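Labels A, B, C, D and E are assigned to the chains in the order they are written; within every chain, residues are numbered from 1.
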Amino acid sequence: MIKLVWLVPLLPLIGFMIIGFFGKKLSKGLVGTIASGAVLGAFAVSLGIFFELGGQTEKSVTIDLFSWITAGKLSIPFSFLVDPLSSLFLLIITGIGFLIHLYSIGYMHDDEGFSRFFAYLNLFVFFMLLLVLGSNYLIMFVGWEGVGLCSYLLIGFWFKNTAYNNAAKKAFIMNRIGDLGFLLGIILIFVTFGSISYNEVFEQAKHFIGDNSVITAIALLLFIGAMGKSAQLPLYTWLPDAMAGPTPVSALIHAATMVTAGIYMVSRSNILYTLSPFAMEVVAVVGVCTALFAATIGLAQNDIKKVLAYSTVSQLGYMFLALGVGAYTGAVFHVMTHAFFKALLFLGAGSVIHAMSGEQDIRKMGGLKKYIPITHLTFLLGTLAIVGFPGFSGFFSKDEILAHAWEHNKLLWFLGVLGAAMTTFYMFRLYFLTFKGSFRGTHDQEHHLHESPKSMTIPLIVLAVLSVVGGLIGIPEVLGGHHYLEAYLKPVFEDSSLRLVHHLSHETEYILMGVAISVMALAMYFAYNKYVKNKTLPANEGETLNPIHNLVYKKYLIDELYENVIMKPINFIGEALHKVVDNQIVDGIVNGFGSMVTGVSGVIRKAQSGNIGFYVFVMVISIVLILFTQLF
Amino acid sequence: MSAIQIIPINWYILLSAVLFTIGVLGVLFRRNAIIIFMSVELMLNAVNLLLVAFSTYLSDSAGQVFVFFIMAVAAAEVAVGLAILMSVYRNTKSTDIYMLNKLKG
Amino acid sequence: MKALILLSSLGVIALLAEIFSFKKLVYPLVIIGLITTLIFNAFDWGTDITYFNMMRYDDFAVAFSTVLIGVSILWFVMADGFFKEESNMTDYFSLVIFSLAGAVIMVSYSNMAMLFLGIEILSIPMYVLAGSKKDDVLSNEAGFKYLIMGAFATGFLLFGIALIYGATASFDIVEIAQVVSTGAASTIFYVGLLLMLVGLSFKVSAVPFHFWAPDVYQGAPTPVTAYMATIVKTAAFAAFLRLFYTCFQGSAGTWTSIVVVMAGLTLLVGNITAVLQTSTKRMLAYSSIAHAGYMLLGLVALNGYSQSSILMYTLAYSVGSITSFGVLGYVAKARGGDSIDSFNGLAKTNPFLAFVMTVALLSLAGIPPTAGFFAKYYIFTAAFQAGHAWLVLVAILASLIGVYYYFKIIIAMYFKHNNNESAIELSFNHKLLFVITVLLTIALGLMPDFVIGLL
Amino acid sequence: MITLLLIFFPLVAALMLLLVKGEQVKKIALGAAIVEFAISMFAVFQFQKNADTQFELNYAWIKSMGINFHVGMDGISLLLVILTTFLVPIIILTSFNKQYKNPSAFYSLILAMQFALIGVFVSLDGFLFYIFWELALIPIYFICLLWGGDDRARITFKFFVYTLAGSLLMLAGLIYLYQFTPNHTFDIKALYAAGQSLDVVHQGYVFWAMFMAFAIKMPVFPFHTWQPDTYTTAPTQGTMLLSGIMLKMGTYGVIRWLLPIAPLGVEHYAHLAITLAVIGILYASTIAIVQKDFKRLIAYSSIAHVGLIAAGILAGNVQGVQGSMIQMLSHGVNVVGLFFIVDLIQTRTNTRDLHSLGGIRNVNPQFAVLFLIVLLGSVALPLTNGFIGEFLLLNGVYQYSAWMAAFAGISVILGAVYMLRSYQSIMLGETNALTSSFAPLTGNEKAVLVIICAAIIAFGVFPKPLLDIVEPSVIKLVDGFNLAIGK
Amino acid sequence: MITQYVFYFLSFLAIMFGLMVVLSKNPIHSVLYLVLTFFAIAGHYVLLNAQFLAAVHIIVYAGAIMVLFLFVIMLLNLNKETEPHKNVWLKLSAAVASGLLLVVLVGSLKNAEMIAATNTFDPNVGLIENLGKTLFKEFLLPFEVASLLLLGAMVGAVLLGKKSIK
């Protein structure tokens, strides 16, 4: 099966091409079938690869397709690397991808851009697979930018809406900022190691002696890329805006897969980070800050998707915290569990929105429990998973991260726990406001409320199951389990783990778990108290809030800050350069030569007075000068 | 007995330089075209004098022969020049060179 | 020598035509005579005969006189219409031919006397021709200015010759060169040299002795201007070069710096002043001054390239000038003026004429693949070899300015519109002439080896 | 022989075209251009993939000056010949729905231009190179003057004089070198040797003399001010010729002539020159952001792109030079596509103002897709042709200076800003009065865009054939350069 | 000794009359002063043993050329002080320019050392016989060519003089 790995990205690509070229002529059913079928096929192959790889001793297989770029000693083949890490991601991408395709058939059924949507979606899957399959950084970069493109296309899917288009553009450009860092990182890798293929780079890095600052530089540059793609501070603002896209897109791209590309990249390059403690420190700090920062914003949002979006940013921060403290497995584990429950939550939110005929404001919902029971149940399970309710998938992965954080730095742990508390609070706030209480929307909406079709609920159910049981593959030793995932990923992180030794006593781990659970319970209680018992409602638009609340509600005015500090100055500089420097100064000098010649011409012409006397006078003076200069 | 054996050649050179300069002065000084013409003739005569002086000094007749050619040319120039002057006068009724400044710029 | 005899006879025959009343035949006769002269002249190639110690018909002389005679044939074809309207046609013919004879003397002299006579034989008919439009005040003025200033400059030239004679006891340029080479040159000699330089600079219209040129070129009848710009300039440069190359090379230290400065000034003043001109003729006059600047570059180089570079340049420039003056003549006549605006829309009414003019102007501006480009390039090479890199840079700057005004005409022809939509009719002779000059311009640009290999 | 055919076939075709009147001129011109393309393809198949100069011909031309008609192609030349022969038919095809007055002259000038361009790319004699270099200027000048837009006389004239100023400096540089050739010849090898025999100061003179010519042609900041005006005012085909091919004369000149002739000069002044190029990248990108005229926007973006190419070449390493080669090709294809899109929009809506457009995607989704692909190529998205070049170039510049690369890389971001912004204001949103009746693409137009898009993707996914053509030559060149500067 | 005084006297006359040519207001006077200048120069010629040339000089210049001038002045009726005056500054600049020229010429020529001064002075160079030999042997070609010059000048003068037939 491993030999057939090229089929994995190829199938969605073929799906994209068929739908892209002939989509208009095909029926919606056929389009949906082709698109989902392509991803399902890829999933099947991925599954095969996963098991084959698990069964064989050779854990890293490179499959060369063709030579892509060569320039001197730079030689970049178009080739794939199959190892535990990539095969795991293949499963997540194709698996969740398939479910979301399936869901979309129902969700997008009435949209006129139905086939276009599936074309983009397939293309996205293709690029995402390329990203994780590439055997060198440049192929990763291809996928990296490719998913960015698809993200752009899908956020701006409803292209008549200017705000959506702006959101799409913003996403692309913010990603590009990160991408530049990534690209420079790749180049620095090439300059340092003479190659950019994983195997060679990591092999050399293991024995790297010399100036560690180069490694730090590489790690930081790569991390800039990750910051863009995975929406970390300060490049996160695009992700909440990206909710402009259809909800399945939010689920697939902006929760489950694309945004975790940064985690993939860092864990893929784990050896480089391990070699640079400073870079790891940076990653951890950025991660935890993002986690907290986004969580606080999440506390005050009223748009169901926005809450989830900030939650995503926050969770991504956790993953980076994990990476930063050396818990690579924990990070990947959290990627996986997060993919399950966040996809679930988004799809659930999509189902809610579907039911609410497009309404996204939780202030206008409430009491939906009885109208859409399946959605409600799955959403509740997802919420429990994300807050880390014991036994649910999120519990295990979050616990692993926090344990490592504790070991690394107590403050990081504390902040992490604080973030978890907030997560719990805003998730339950969301849950309570949406499903509990009584309906606050219009009559029309109420009348219209209905459960989603099967094609939408089945994915919800599957994902709910996964969210609940997904954690089982990573039960820590301390709970008497066996960390299958860690064992599976061992070959990938082997070299790093040799350098990062973990030694946490079981007692400490129990205490940490206990603290986390009690904090969660506390936050849950607060939320319950406030939104169910007291039936508090978030303030409506226009109501005055206290300044801090207002600031948080306005997302700390970061967008406005960027607008005023970056975009406006750039526009101003552009205008100034254009109107003043370019037209007046640079071109002015050029034209100045012309006018100078004309001016001089006017002066010299005056000498040509037509008067013989003057002519002769000049001649005589010139003769005098000639004789004088030459003879005296 | 020739002057050249008594008078240094430099005197002749200086004399013709002075005469030449007077010719130049005439060209610069006057506005009447005919006088200017005459000043040019004076310049040519200064040259002639110089050539003759050199010729005698060097005992070489070529210098004096050259004077013939200058005379011929002077005559030709004067003939043509006066003819042009006549036709200028016919049109402008003036021999003032300051009137001849239609062509300029 | 053959050329000189044939030309003198031709001039006399032209004069006689009036008396024996075969005026109708005289034009073809002159053309045939000139062609014959050209052929005979060309056969002198490689002979190197010295006549009476006065004229040396070496390859230099043959090459330049061939150019002169060849260009004069083109000129005669171009000036065809001009003569037909004049009652004194035969007189004009003979005057032009006499002056051509003077030009031939100027390229082949080996004695100061011949140089002097050659210059005067060339110039005196030109004074007459410049003022030949008797009713035209401008023509009068041109003739008069030319004469007065020409005579004035001749005075300096002669003073210089006299001083050099005094210093070297000879009028023979080879003997003078020998005296110079013995190192016996005195102050008198240098003063003489510099005064001769002044006299010749006047003839080639180098700044600051150029003031006559624009006025005279503008005032003279257009064909005469063309003649002055081509034949007179070529002959003057050949004479200049012959004298300074053979005779004064040994004392180059005295005069090169002056010529360098003059060349630079000539390039800049000529080109810059041309920029604001509205009269095409006057503009071409300034451009002619500017071209003198380029040729001075070749002169000042004073190396193996000098002779052939100036030959190439004069040829290229003459062909370009004949063409542009020819077209100008047509346009001025049809549109009633020689301002640049009268070229407006020519490309629409007369694409052929516009194309011909464009080629000529490109050549004058020095754009490949025309003859003018190669000539300029060759001159630059010569100057570079002589170490005058700065002068080349000035020349480059000047060329750019040159492009500015030449392209004014091109833009006028192709871009601007004219209400007068009627096409100008061309005579067959002129069509033939223009075809030949265009071909010549391009051929010389692509195969300059034929010319530059000669000297 | 094939080189001669490549050079002179367009000239012959151009002259023949002058004799043809009427509508079929277009078709004949297209036919000729396609034949020329076929000839170049034949050359590609004959080409041996090594660093040698092939299809070499050397005839004595101006013997007394040591000037030869010496032509030949190595990989570098061949790639640019391919670019030329590939783009000219496309450019001719783009004009099929236009009615130019005096078409025979128009197409004849285009083919004459092709003649000169091919000549520039295959010349192996300094003088011949210069002649072709200048020759290329004349047809484009007349194309712009006769068929251009407002104020064309002044603008094209400025362009002409500006570029001529540069070329004359180059001529001075060549003549200067010529003096130092042993047998007084313009042969490329002799000029290389002559240049390399100079010390660093004199190589510096040569460097500036020649670099100015190339910098103006490309154009590199601050010698660019002729470019936006000229691109904007020229007729579409003229703009395409200028930006698609002619600009590459400058970059090609740096590779073929400047690096080998004045290696020490390049090394000595590379920092300054690269700094200028990088400033130009940022400068032009920033200005592009605020442009309202789409054509002008692309003109500025072209300055940014070419700045990166220049920086990559001057970095003087294999990645930089090879990247520049690929980027020349990509940029040529992309910019022709973009200008064609401008033309399509302008002919349909009579405006290029970004603010008055919008919503075309609603009316013509097919066009939207094709536009998007060209745009992606232009912003160097991976798997489009633009990426290969940009990556290699940044890589090359990085090896010279990391900071330069970082600054140059900002164009990646700014490029996305202005391209997406213009895409949004042209294609997205709601339609308005101007765009609601946006006519569908005709067959010819579709063909052009499809060819361009196909090229963009094909060379992005599988650039190997092109890279193989140039790589040996580039390596040889860079090795020579490194040897000369003693690295 | 007497030769020396004659030289001084003739030089004085030549310079004075020359200046008078330039400075006198009436053109007729100028012509007459010029004739006198020519006579003084002819005296120098005699002094320099160039008797034939002196004769020719008188005949050609004083006899022919100056008559031509006189004739034209009379014809144009210019025998009055009609010439408008240049302003003072122009006159001053003219004087300064020619003064500078004089200074430079004199300055450079005053110490001029001759190279070819023959010790064997030949008093016969200026005689007709000698001149004739030189003219018709060495300078035969220029002599012949001069005919072209004169013919050209004649044709030209006639051309300008005669009324054009329309």
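Heads up, the rule we're going with is that a contact is a pair of C-beta atoms (placed from the backbone, for glycine too) under 8 Å apart; a residue touches a chain by one contact, two chains touch by 3 or more.
None of these values were measured; they are calculated from a predicted model.
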| item | value |
| --- | --- |
| Chain B and chain A - chains in contact with each | C, E |
| Closest chain to the centre of mass proxy, which here is the mean CA position | D |
| Chains most often in contact, by C-beta pairs | B-E |
| Remotest chain, chain A as reference, centres from CA atoms | E |
| Separation of chain B from chain E, taking each centre as the mean of its C-alpha atoms, in whole Å | 5 |
| Geometric centre distance via CA averages, chain E-chain D, whole Å | 71 |
| Whole-Å gap between the CA centroids of chain A and chain E | 102 |
| Centroid spacing, where centroids are CA-atom means, of chain B and chain C in whole angstrom | 27 |
| In chain B, residues with contacts to at least two other chains | 9, 13, 20, 23-24, 27-28, 31, 36-37, 53, 57-58, 60, 62, 65, 69, 73, 76-77, 80, 83-85, 87, 97-98, 100, 102-105 |
| Residues within chain A bordering two or more other chains | 594, 605, 608, 610, 612-613, 616-617, 620, 623, 627, 631 |
| Where chain C touches two or more other chains, by residue | 113, 117, 120, 124, 127-128, 131, 134-135, 145, 148, 152, 163, 166, 169, 187-188, 190-191, 214-215, 404 |
| Interchain contacts (touch definition) - all pairs | A-B, A-C, A-D, A-E, B-C, B-E, C-D, C-E |
| Chain C contact footprint on chain B (complex, rising order) | 9, 13, 16, 20, 23-24, 27, 33, 36-37, 40, 43-44, 46-47, 50-51, 53-54, 57-58, 60, 62-63, 65-66, 69-70, 73, 76-77, 80-81, 83-85, 87-88, 90-92, 97, 100, 102-105 |
| In the complex with chain D, residue positions of chain C that touch it | 362, 367-369, 373, 377-378, 380-381, 384-385, 389, 392-393, 396, 399-400, 403-404, 407, 411, 414-416, 447-449, 452-453 |
| Parts of chain E lying in touch with chain C, wherever the complex brings them together | 105, 108-109, 111-116, 138-142, 145-146, 148-149, 151-153, 155-160, 162, 164-166 |
| In the complex with chain E, residue positions of chain B that touch it | 1-7, 9-15, 17-26, 28-32, 34-35, 37-39, 41-42, 45, 48-49, 52-53, 55-62, 64-65, 67-69, 71-80, 82-87, 89, 95-96, 98 |
| Residue numbers on chain A that touch chain E, as the complex places them | 613, 617, 620-621, 623-624, 627-628, 631-632 |
